[in-house]
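In what follows, structures are represented as structure tokens.
Both complexes below contain chain A, partnered by chain B and then by chain C.
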Partner chain A sequence: MIIGRIEEAKPGLVLDHHAFRGDSTAVALPERLLELAAFLFEEGFQQLLDVTAVDWYERDPRFDVVYHFLNLTTQDRLRVKIRLREGQAAPSLTGRFHSADWSEREVFDLFGIPFTGHPNLERLLMWRDFPGHPLRKDFPLDGGDAFCTGDTGTSYAGRPCSMEL
Partner chain B sequence: MASTTHSFERLDDHRMVVNLGPSHPATHGTLRIILELEGEYVLRATPEIGYLHRGVEKLGENLSYAQFVPLTDRLNYCSSLMNNVGYAQAVEKLLDLRIPPRAELIRVLVSELARIGDHIICIGANAVDLGAYSAFLYLFKERETLYDLFDLAAGQRMHTSFTRIGGLFRDLPEPFMPLLRQFQESMPRAIDEMERLLTRNPIWVDRTKGVGGISAEQAISWGYTGPCLRAAGVPQDLRKAQPYLGYDSYDFDIPVGTTGDVYDRYVVRTEERRQGLRIVDQCARRLEEVGGPVLVEDYKVALPPKDKVYTRMESLIHHFKLVMHGIEMPVGEVYSATEAANGELGFYLVSDGAKSPYRIHVRPPCFPIFSSFSRLVEGRLVADVISVLGSLNIIAGELDR
Partner chain C sequence: MAENLLDDCVMTTRLDAVLNWGRRNSLWPLPFGTACCAIEFMSMMASRYDFSRFGAEALRFSPRQSDLLLVLGTVTHKQAPVLRQIYAQMAEPKWVISVGACASSGGIYRTYATLQGIDRVIPVDVYVPGCPPRPETIILGAMKLQEKITKESFRDRKEHLEAFYRSWDEQQARQAQGRTEFQAVRDMVVEAGETGQQRIW
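Up next, the complex of A and B:
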């Protein structure tokens, strides 16, 4: 429904869309995300419930940033995805949705995806000088170098440390 | 931390930086708020979170779908049952699986009991922070009965892990219903007693009315859900708006506030407990009529019963396949949301068809609410910080994951 309206009003804004188990997903270009968010806001999708990311480390572009919108009037939900290469920045939605503030910081913290236009892009859950981004698929499950012990030079899972201790 | 050093640089004679937490009796969990004060007034409050970050999402990517259930207990540990239900529902949505009617019914029952328990903790702790110890005591007596009920149902008081993918791990035991009836009788009295102690208590009203208010428009923009959004005047409740587990067949009302301040949140939560009891009453009546299994009899998803595993070859194979290789998952992604005690609890699952999810993301209700904390307390007294913090019901377990 909403995807049809977007395609009618702004052709080319939605690159691809699909539905699975009743969830509809729209894929957009990162450069046009702000335009899409503005249109969705006008259409009543005024709550940005969640921002997260998925690391498809073998794919190019590597990351999906996933936004979940809710329309409180019609109770429709829409998932918007943008695809980003390693190091490529996503536009920040903090200008329109206050809830994007911490969610984007979390994605920056755990995936290392920068957001342009964010007022305070700092780590949120991990400490400031933490090495690496934990939710990337190439980040080890045992916690990485930050949890290596100086005595043995290995992590507690037995993996050798790459960091100078 | 960056924000502290930054604020120290700007200090002059009048300003002071106070650390509230990470270990402070009023924070109810490990969270830290850096308060910049001018006298008794708050200039800026910067929440620092992550002290309880356990990497739940990373762990989930390396566990099978069934193994993630115990980790959901540790998200909002005040109402673990609701997290269990929310997660199981997300996986069932991914599988496109319908659970048996009795399982749905028991899930509704335990969710509402957990909601009552969660609100008891929120209001009780909020009151005790502001010095009203007796309300806390009256409420926690009932909470004890609730935890006995959880103990009977799930075998554990806190970390219940009650749901399985496709239903529940067991039916309610014999002694559950008599204790539930006792609770149904005593809980309304406890709410009345608590209301007599708080609702028109001048100290409570002075400390909560007009404190930490937020407009409906701002609340929506900040991503508020649940009682905090309803207190601001938005009648959004997923149980009514996007019914799941057959909630549309129950009779209950959604309380809404007007100003979104601490007092309104208290009133909304109080009324929600009464409405929760109404749903519990209806569940208890229906439980006598609705029989049948509490777990789907599809052995590609749920474990077959033990007596069959020991006696039949096919069941043994199913058991082995499920434990070793997990459930055969379709490729796709779902976002499933339930109305937890604090608001919308969402699970975003991405499956590539493997034994464990490719990505599992939890959308905790108190995360966006806490991000607006500075806005709620700026320009107010330090004492109001405690009052607002208690009313938001921040649970560090789900905040930090």
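Up next, the complex of A and C:
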């Protein structure tokens, strides 16, 4: 429903969309995310519930950054995804949604995705000089600690890797 | 004869024995509760299991005033320097009980974030198994510690305390070089693992 309205008002803003059991997902270009967020805000999607990311290790735009919006009046939910190559920055939504502040810091901490326009882009969970980004598929599950899993240098997906990502 | 006059009023013993008797029957626990083991600990302290029967009902939430550190739950690498600092702040005599699988070995959390057993960063006297252990199990652990204290000589603890404070100095030296306390302790843990050492102290 909301996706139809976006396509009507702003053609080309949604690259792709699908729905599963009533959960709608829209895929957008990173460059036009702020425009989409502004439109969604006017449509009533005024709460940003979560920002997270997915590492599709072998896909070309390696990362998905996933935004979950809630429409407070109609209780509709919308998931927005943008695709990013490694090192490519996402635009920060902190200008419009304050809840994006810590969520984006968490994504930056655990996936190493930078956010342009974020007021304080520091690690949230790990400490400042922690090496690497733990939720990347090529991060070793044991974090380089040989007594943890006993196969240091191998990631969760079984690929060789190093701590300096 | 003076001894005959005193008769039953005087008993001779060793200094170790009488001091240890006092120490073991008046432990002052400091709970370092981080997970579900702390809930079992609350049950242990409450009326049903009543830990005060063992002379350890006076909880102190300051390391300066306690002599038994109960580590109850998962300890992450980010908490490791906090735990080390708390242990360093406790006055001698001090003992540590590692309660539950996570504190003793990392438990189910075999990941980058979790310390694989607190004995890698501080000395531990008694390990209590369980996930979480029942209050009876923690009480058994405390009773084992009381047995250990009974047999303890004052010189016994010197060696591992000195080793701990040497590692403390090493940590301070690394922090002076610009590492955070988290990364300093973690580097020491990882290096100890590479050289085959189980612990950094």
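Everything below uses one rule, namely that the second predicted complex is superposed on the first by the 144 of 165 C-alpha atoms of A that agree within 3 Å, B and C clash if a C-alpha of one lies under 4 Å from a C-alpha of the other, contacts with A are read in each partner's own complex, and residues count from 1 in each chain.
The working rule: a contact is a pair of C-beta atoms (placed from the backbone, for glycine too) under 8 Å apart; a residue touches a chain by one contact, two chains touch by 3 or more.
As the structure is a computational prediction, the values presented were derived from the model and not from experiment.
Peer 1: Answer with first, second, both or neither: which of chain B and chain C does A:His68 touch in the superposed model?
Peer 2: Once the two structures are laid over each other on A, A:His68 reaches chain B alone.
Peer 1: Would you check which partner chain A:Ala89 touches, where first means chain B only, second means chain C only, and both and neither mean what they say?
Peer 2: A:Ala89 sits against neither chain B nor chain C.
Peer 1: Who does A:Val27 touch here: chain B (first), chain C (second), both, or neither?
Peer 2: In the superposition, A:Val27 contacts neither chain B nor chain C.
Peer 1: Does chain B (first) or chain C (second) touch A:Arg79, or do both, or does neither?
Peer 2: The first partner, chain B, only.
Peer 1: Could you look at A:Asp142 and tell me whether it touches chain B, chain C, both or neither (first, second, both, neither)?
Peer 2: So A:Asp142 only meets chain C here.
Peer 1: For the three-chain arrangement built by superposition, which of chain B and chain C touches the greater number of chain A residues?
Peer 2: B
Peer 1: Once chain A of both complexes is superposed, is A:Leu48 in touch with chain B (first), chain C (second), both, or neither?
Peer 2: The first partner, chain B, only.
Peer 1: Quick check on the superposed pair: does A:His98 touch chain B, chain C, both, or neither? Answer first, second, both or neither.
Peer 2: Touch status of A:His98: first partner only.
Peer 1: Thinking of the overlay built on chain A, is A:Trp127 touched by chain B (first), by chain C (second), by both, or by neither?
Peer 2: A:Trp127 contacts both chain B and chain C.
Peer 1: Do any residues of chain A touch both chain B and chain C, and if so, which are they?
Peer 2: Shared contact residues on chain A (touching chain B in one complex, chain C in the other): 126-128, 134, 139, 141, 143.
Peer 1: Enumerate the contact residues on chain B facing chain A in the complex.
Peer 2: Touch list, chain B to chain A: 1-2, 49-50, 53, 55, 57-59, 62, 93-94, 96, 218, 220-223, 225, 234, 236, 241-242, 332-335, 337, 344, 346, 348, 350, 358-359, 361, 363, 367-368, 370-372, 400-401.
Peer 1: Within their complex, state which residues of chain C touch chain A.
Peer 2: Contact set of chain C toward chain A: 77-78, 106, 110-114, 116, 120, 179-180, 182-183, 189-190, 193-194, 198.
Peer 1: Would you pull the chain A residues touching chain C in the complex into a rising list?
Peer 2: 126-130, 134, 139-149
Peer 1: Which residues of chain A touch chain B in their complex?
Peer 2: Going by the criterion above, the answer is residues 20-21, 23, 25, 46-50, 52, 54-55, 66, 68, 72, 75, 77, 79, 97-99, 101-103, 110, 122-128, 134-135, 139, 141, 143.
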